[in-house]
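When the chains are written out, they are named A, B, C, D, E and F in that same order, and each has its own residue count from 1.
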Amino acid sequence: MSAGRPSHIRPDGGLTMVDVGSKDASERFARARASIRMGEAAERALKDATLAKGDALVAAQIAGIMAAKKTADLIPLAHPLPLANVSVEFRWSAPGVLDVEASASTNAQTGVEMEALTAAAVAALTIYDMTKAVEKDIVIESLRLVEKRGGKSGHWSAR
Amino acid sequence: MSAGRPSHIRPDGGLTMVDVGSKDASERFARARASIRMGEAAERALKDATLAKGDALVAAQIAGIMAAKKTADLIPLAHPLPLANVSVEFRWSAPGVLDVEASASTNAQTGVEMEALTAAAVAALTIYDMTKAVEKDIVIESLRLVEKRGGKSGHWSAR
Amino acid sequence: MSAGRPSHIRPDGGLTMVDVGSKDASERFARARASIRMGEAAERALKDATLAKGDALVAAQIAGIMAAKKTADLIPLAHPLPLANVSVEFRWSAPGVLDVEASASTNAQTGVEMEALTAAAVAALTIYDMTKAVEKDIVIESLRLVEKRGGKSGHWSAR
Amino acid sequence: MSAGRPSHIRPDGGLTMVDVGSKDASERFARARASIRMGEAAERALKDATLAKGDALVAAQIAGIMAAKKTADLIPLAHPLPLANVSVEFRWSAPGVLDVEASASTNAQTGVEMEALTAAAVAALTIYDMTKAVEKDIVIESLRLVEKRGGKSGHWSAR
Amino acid sequence: MSAGRPSHIRPDGGLTMVDVGSKDASERFARARASIRMGEAAERALKDATLAKGDALVAAQIAGIMAAKKTADLIPLAHPLPLANVSVEFRWSAPGVLDVEASASTNAQTGVEMEALTAAAVAALTIYDMTKAVEKDIVIESLRLVEKRGGKSGHWSAR
Amino acid sequence: MSAGRPSHIRPDGGLTMVDVGSKDASERFARARASIRMGEAAERALKDATLAKGDALVAAQIAGIMAAKKTADLIPLAHPLPLANVSVEFRWSAPGVLDVEASASTNAQTGVEMEALTAAAVAALTIYDMTKAVEKDIVIESLRLVEKRGGKSGHWSAR
């Protein structure tokens, strides 16, 4: 994977999977995050609805974990990976802002960034699905990688 | 679907699918958008790589369309729908900002917001996957619904 | 579908899907049930673990609903169906016995018995998965159809 | 995996995958069983239908094997595993009782109980699907683990 | 769908699903065929193996039927369709030539050619998988549509 | 895997997966090919449509790669494999003949012939899907393995 060039795009613009056959398997970890920004009505409705029991958040957690396991089925050039762990957590980080953080780990020849990002994205979409009857303007903001460990590039944290 | 309440959450916090059995099928349309914000190096690399032929964008378009067809498999309480059409388009909207717009349509008892949002999300994640070797700080911003037609609530556009 | 003969097996033993092309679509409903029988330790552990918040039961509920949507992908000769609703509920029905009840409904040319049964089976297996560290002898008992409405055979209830 | 506590449920009731990253891969084997109990008419019809050629049983065998490969897609917190083998067999064990036995094996960081149980469940449901035109009261009984080898807990047999 | 132009390719070379939203649903049928050509050893081995009971052919039949149900998941721009029926049959048509014929039918806004072709292809590949230990030179020949009914173009038969 | 016998068929005709648990993992590679034969009109239309930009061929390439990752989900007795690489390429090899070549590689206990063949088949079917509006008589010819490396049988090339 040469820095400075998109790894899946050949010089002529053609596509290619990255052949990971000659890479050594190693411990890999990635953490991704997204923020779900909603209006007052949706925030109140979602908080009320999940006060007694947080089933909606559990459904989104489960959706995120199951989506991580489908990453290679969703992202065309991603490799199927034997995931060791996936986690998805929610936290109200500011008024009207519900953060989702997803992490994934494996021992494999390639990283799990896409697994963590896919888990965060689908968990956030599941929250949207359950809240859209209250407010359609809900926005999923800043879906991004925040940390990555393992592989040739070692440890990396978002700025 | 009572406005003011999350449609999939019962008063006690428990979850439920929305029973669409008594709703009439009608034409439904939804359009979603996301912005992929990247640094100069990634922008230049992606533009260079897709100048001669835009295979990377085609892969992301295909990934988005195929993901729309998997929406009910990803979002726990979503209904399986016979999609009539799905489209995914890309556009550089500002320096370092690649926009993805996805739309979906059907004739069914429930809407296709989640299909359009899922297509946009997975198309954007596919761009991330192909560009992450250049820059990991790429952020998927403002994944949101921008338009919706059909169903009881009629036409709706984002503010 | 001639009573007295397995519908998918031809007189010579060969297999065939049931051609539903000439049947009229109508409202269909099916309800299935299973009982998860466990020892005292597992019952106590599961009740303790789900007392504060029932996330484990929510995960099993979600797993059952999502499995119903995959029925045609699991059962070789089942038809893909546009499900209108799926529900999965749990109830402690006796000491050491956790019942799961799943129902499914659609407007289609064929029934949803397999969807309801598949939801109940996978919901019960998910409970097993989360409890097996405490007791491996947990048994899923009496997975069966309990009610069916719609179609040529009309209303049916288990004895 | 601490005995006495459900492995996927945290003390506060929240859910978590079991991180298998630090476990050593080892040979794993699991065997599960279920009994399909049916009335005389269904037994006779199924036996007649499968006397000349047992295609119905083959379809159920194939369905069970393919379902084992989908276990991580069905059970929310299950890990994707590289299965080395899956087998599904049928046997009339008593009047009106068709037994299904499924086994699975792998060399991995976690066991294959859920794979064997899922194979048995889906094989039994496939038999139900093909026989339900004759009798709806067919019951899938005693879906359970009967043997397990490998991993920290070593060899285990059902009572 | 304008004859003379690939329906999914826009004048500028870009891709698009065919929007079927304005088409009327009607009865659709398609039949596809492929021939599996093998050497004497493989033919003898396969005939011997399937003489007593044809389980290998049943597995391939089931694989073809299940693949037809996955067509929209495999072919990027194909629409998900509610299949009414799928059938797969085998016939030794000449020395060393095993023919597979697959048909599919639906009542929908678009045809089932891809479903029939996908069923035939995957059924043939399954035969290859089970026979490849005897002979690797087995060739799947002439995978093609042979008949199509319904839709604007009406009845069509291969030359 | 005894030469001379279909590996998945027992002497009595029954089916079995090949237990790969005792085989050593090693580097595996397979290459498959198919030819898509079309008439003049389809050839001209497809060449015209892909002259400016080859999006149709990219879609087929992506479809083939994604199908390779689904091989174990399509072929009943195939093992799930951690693919290291998949490639799909197209080439006009003669008037009216578009060749597709697919290769797959892994480090595993069993080979990737089925993955390469599945990629070639689905890539070819995707071309058919996009061209069928011009000509239905398009034939997918000679889907076959052309090379295989690794495993007990070592290197093999088609005659």
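Here is the rule we go by: a residue touches a chain if its C-beta (ideal position, glycine included) is under 8 Å from a C-beta of that chain, and two chains touch if they have at least 3 such contacts.
In this text the structure is predicted, and so the values were computed from the model without any measurement.
The set of chains in contact with subunit D as well as subunit F comprises A, E. Counting every residue number used by either copy at the subunit B-subunit E contact, under half are found in both chains.
On a Cα centroid basis, the chain most remote from subunit F in this structure is C. Farthest from subunit B, judged by the mean position of CA atoms in each chain, is D.
Centres computed as Cα averages put subunit A at a distance of 37 Å from subunit E.
Mean C-alpha positions place subunit A and subunit F at a centre distance of 31 Å.
Among the residues of subunit C, those in touch with two or more other chains are 15, 53-55, 58-59, 62-63, 66, 70, 73, 76-77, 80-82. The touch graph of the protein chains shown belongs to none of the named shapes.
Contacting chain pairs in the structure are A-B, A-C, A-D, A-F, B-C, B-E, B-F, C-D, C-E, D-E, D-F, E-F. For subunit D in complex with subunit A, the touching residues are 15-21, 72-73, 76-77, 79-82, 108-109. Chain contact summary for the complex, subunit E toward subunit D: residues 53-55, 58-59, 62-63, 66. Residue ranges on subunit A touching subunit B, taken from their complex, read 1-9, 12-15, 34, 41, 45-46, 49-56, 59, 62-63, 66-67, 70, 73-78, 113-114, 117-118, 121-122, 124-126, 128-134, 136-145, 148, 156, 158-159. For subunit A in complex with subunit D, the touching residues are 27, 58, 61-62, 65-66, 69-70, 80-87, 105-107.
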